[in-house]
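Think of it as A, B, C and D in the order they're written, each chain with its own count starting at 1.
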Amino acid sequence: MPGYAKDRAAVQARLRRIEGQLRGIQKMVDEDRYCIDVLTQVGAVKAALDRVAVLLLQDHVEHCVADAIRSGDSEEKVRELTEAVARFLQA
Amino acid sequence: MPGYAKDRAAVQARLRRIEGQLRGIQKMVDEDRYCIDVLTQVGAVKAALDRVAVLLLQDHVEHCVADAIRSGDSEEKVRELTEAVARFLQA
Amino acid sequence: MPGYAKDRAAVQARLRRIEGQLRGIQKMVDEDRYCIDVLTQVGAVKAALDRVAVLLLQDHVEHCVADAIRSGDSEEKVRELTEAVARFLQA
Amino acid sequence: MPGYAKDRAAVQARLRRIEGQLRGIQKMVDEDRYCIDVLTQVGAVKAALDRVAVLLLQDHVEHCVADAIRSGDSEEKVRELTEAVARFLQA
């Protein structure tokens, strides 16, 4: 089971809300709404995705990484986590 | 007409693709896929939104800001653009 | 003259302050300060750099881009601006 | 000892290099260099700071968080880590 099993409902609820925001943006573009207002909504979706990412990371450390550390074999999991954060930051 | 009128089809095509990516992420969570893989897809959607933002900004400068500059009354438009970029960068 | 000529003093003052923050971080590392506190300061420097970037962009649009638009030859300047913002967003 | 003790030399070397980049930017502004080129360098410093942040996070998870998990008392450390990442992402 993935780390986010416990918070799966919360992650899904956020993703559904983000999908709604995204459809709202498509509607704004259909209605020729002002660029700056569209841009502001695009920024809001990005921020909402950051909050989903933080939730996923938290669950991952609490479960998958913690299990690996307890079993004494965490090197690979920590490396994988670090690479995922780097990729997420585009670093 | 907003600045992105010309590129509206391109903006809409990207937004539809992003909506598809987002539904793919919801499916991954439903299927208990590995956290790190879900996180990677969330990062991909964020990057795709950045590219939509750049397209919106480009069209906005090419049209709305350029019109304001030509009409000799661009101060407000430049201030608004700057604030929108700052908000987008969460700066 | 570059667009930021007028705000050069403000840009330089911010850059000097950021250099001070960065030296503060080096001192924190020398003193073995807690990782999370160091990380928080690194985030603060990033946010300060975003505010410098917004100031540079504002001046650039107000001057270089506006001049190009007034002279009727702005295509290259808008393309260059768009590419710079895309690069800055790593988009 | 903080988690980055082992990698302290690497963190310090990166911070010194970033300080050099930052002084280079100040020199560019003194010399009235083109806004877009200054902006590109500001973006490069931000990306370098992201890489320092990833290094700090990796060391923190490998040491402080791992120790807390092994001692069976990791809840507070994971919460603190999650909040630090959220703050860093401005999420």
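Odds and ends about this structure:
The rule is short, and it goes like this: a residue touches a chain if its C-beta (ideal position, glycine included) is under 8 Å from a C-beta of that chain, and two chains touch if they have at least 3 such contacts.
Keep in mind the model is a prediction, meaning the values are calculated, not measured.
The chain with its CA mean position farthest from that of chain C is A.
Centroids built from CA atoms put chain D at 17 Å from chain C. Note on chain placement: the centre of chain A and the centre of chain C lie 27 Å apart, centres being C-alpha means.
Averaged C-alpha coordinates give centres for chain B and chain C that are 21 Å from one another. For chain D, the set of residues touching two or more other chains reads 47, 50, 53, 57, 81, 90.
If the chains shown are joined wherever they touch, the resulting network closes on itself as one ring, and no chain has more or fewer than two partners.
Only residues 1-5, 8, 11-12, 15-16, 18-19, 22-23, 25-26, 29-30, 32-36, 38-40, 42-43, 45-47, 49-50, 52-53, 56-57, 59-60, 64, 80-81, 84, 87-88, 90 of chain B touch chain A when the two sit together in their complex.
The touching residues of chain A, when paired with chain D in their complex, are 47, 50-51, 53-54, 57-58, 61-62, 65-66, 69-70, 74, 78-79, 81-82, 85-86, 89-91.
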